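In order of appearance the chains are A, B and C, and numbering begins at 1 in each one.
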Amino acid sequence: MIEFETVSKTYPGQSVAVADFSLVVPSHRTVVLVGSSGSGKSTLLRTVNRMVEPTSGRVLIDDEDVRERDPVALRRSIGYVLQHGGLLPHRSVLDNIATVPVLKGTPKRRARTAASELLERVGLDPKIGRRYPGQLSGGQQQRVGVARALAADPNILLMDEPFGAVDPIMRRELQEELLRLQAELHKTIVFVTHDIDEAFLLGDEVVVLREGGVIAQRGTPAEILGAPADDFVRDFVGADRAERELHITTVDGRSIAVDGTGRPVGVLAP
Amino acid sequence: MNLFLDALAWLTDPAHWTGPGGVPTRVLQHLAITFAAVTAAAILALPAGVLIGHTRKGAGLVGAIAGAARAIPTLGLLTLLGLALGIGLKAPLIALIVLAVPSVLAGAYAGVQNVDTAITGAARAIGMNPRQIVFQVEIPLAAPVLIGGLRAATLQVVATATLAAYTADFGLGRYLFSGLKSRDYAEMLAGALLVAALALLLELLFAAGQRLAAKRIAAPAHEKGAAESDSPREKEPV
Amino acid sequence: MNWLSLNWPQVIELTRDHLLLSAPALLLSVLIAVPIGRLAQQRPRIGGALLGAASLLYAIPALPLLIIIPALFGVPLRSPATMVIALTVYGVALLVRTAADAFGSVDPRVREAAVAVGHSPRSVFWRVDLPLAVPVLLAGVRVVAVSTVSLVTIGALIGVPSLGTLLTDGFQRGIPAEVATGIIATMALALLFDALLVAAGRALTPWATIRHERPLPQEETT
């Protein structure tokens, strides 16, 4: 469980990035922080592994203040996936995945074997383990990034716009892969994105942020889509967008879902 | 520190400041041969470097010349030319010019070659002919790097002109070699300090000149306020 | 060639002397310049002063420096130590800037990602910054290696034996073949150093040689 207790962050010489943010992320759930740039979502994420120290307030992991923990040990105990993969260009794919176990003292050979298994787990051919990140496609790099985050078997995964830099088709595949993994692994995931559709797809719970880390609304995707708290949320989730306005028409005795422009988007299951 | 006091004593001895072997004469000789060698090298190499930078043809040649020049031992060049041309000024002068050419060439080439093609393209678009582009756009923009080449060449020549005294009775290097021969450490050290001071002085002058040239180019582009207002509020990866 | 066939044992011995002067100087230069360059890159304010000082040091001509060093360090003038110190001073002066540039060339995002997954400051340096700085660093070391080998010859003027001895001896005795041998042997040694460094660079940076290839086609199993 991760708890944010009235967390504020002001960067020197700039206005407030996050003010009085409080949130509980329950264990084994995926919580998505969604907002446009300037909403402080990345800042919030980074307070969890102490890449950012809050100006005031505190962050607790299983009731323990993260400030009590050694930052290096803390970071090794949390999986972290970044937008650009953040892979080390001079290390082979296997060594990248094995980074944290090796830093923690696992023998290199054992760490590599485990890394090779992880490659399969994230849907990659173990043969690419000997290559360097520069030889992989963007999607492959992101999968390796996920594998690296899982290598030390952390309870918590922090994901900072991990699929933001790949093309839409690849992004869709990666999202499905993450859902599949999470169904098996039950990690506590904090996921940051500016893409509301991604948030609705992945989040057990979605937190919509305004400028400065103010929570505009939190709830399940259905709750937010069904009852936007205010105009900001309505606008942000695009509740008024034509493709969200579905209605049912009957064609040849089958119920067809049609969006606001009249384009059919699916068939109702019997 | 005694050694430095001896050198200081040597330097403050009025007898060493007059006549054909006096400090002022030697300094002037040193500066004269440096100036002559760098000027000759500039006349030879500047047009070639600018041309190569402008046409972007022959870049490999510049790299090869610069690399080879670094590997040639300067003392070797001096002694070989000394043997071929005999005692006198001709050998060291040729050696110094040969040593100065690669730096000047590389500076002129790199400076002109690095000018943003968008700028030269714009110059062509507003109707400048190639000659005007070279003289009114490329050379002024290349000035800092071009001066950097002259600076490197001058330093190299001042240093090597000291060695030139090995094959000719000329310049401040004379004190070093006569001191070495007579084991007069005070004279040697005094000469060494004089050369070092001269080199540092030239270096500082060139550095100031280069900064001035760079400032004239960069000043309008570096408005602080504009750069700062662009910085994002939050340090999020974009 | 006649001269060489009679004197090759001397040439070999002087080559060995030349090596023993240039290799330690090169090694010391790297060992000293890398930490200073790192400091200069991390603390630009101190760095600016350090880089300025380095470029001034480099401006001091070689022969005068050889003569000033004994007065500063108390080593005898005609000793290998004087030579190695002088060469190291030049090496460091040249390399500090390259080292600062080399560390500056490391993508800050990669460094930050390394911190985020739990590298300690020390392991960030040894496992991330240093290996990634190698390509730029090596380019600088190659320049320094070639100029160091060439500079060693100046030592012959103060009586420190090296291939430069062939230059002074050949000049004094009027034997152009001896001078030419000295020049060619020095350049060959410089080329050898350079080739060794290029080979070392290839071995140290296997990722850099393939980086420019196109990404391989997708091979996901799912």
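Note that in this section a contact is a pair of C-beta atoms (placed from the backbone, for glycine too) under 8 Å apart; a residue touches a chain by one contact, two chains touch by 3 or more.
Since the model is a prediction, treat every value here as computed from it, not as a measurement.
Centrality annotation: C (chain centre taken as mean Cα position, compared with the mean over all protein Cα atoms). Chain centres here are means of the Cα atoms, and by that rule the chain farthest away from subunit B is A. Distance between subunit A and subunit C, defined via averaged C-alpha coordinates, is recorded as 47 Å.
Once the centre of each chain is set as its mean CA position, subunit A and subunit B turn out to be 57 Å apart.
Averaged Cα coordinates give subunit B a centre that lies 21 Å from the centre of subunit C. For subunit A, residues that reach two or more other chains under the stated contact definition are 82, 84. Listed for subunit C are residues 109, each touching two or more other chains. Shared interface positions of subunit B, i.e. residues touching 2 or more other chains, are given as 237.
Across the complex, subunit C meets subunit B through its residues 55-56, 59-65, 67-68, 70-71, 77, 109, 143, 146-147, 149-151, 153-154, 156-158, 163-164, 167-168, 170-171, 174, 176, 179-180, 182-183, 186-187, 190-191. Put simply, subunit A touches subunit C in their complex at residues 46, 49, 51, 72-77, 80, 82, 84-91, 99-100, 103, 120, 123-125, 127-128, 131-132, 134-137, 139-140, 143, 148-149, 173, 177. Across the interface of their complex, subunit C is touched by residues 3-4, 7, 67, 70-77, 79-80, 82-84, 155, 158-160, 162-163, 166-167, 173, 176-177, 180, 185, 188-189, 191-193, 195-196, 199-200, 202-203, 207, 237 of subunit B. Residues 107, 109-110, 112-120, 123, 127-128, 131-132, 205-208, 210-211, 213, 215-222 of subunit C are the ones that touch subunit A when the two sit in their complex.
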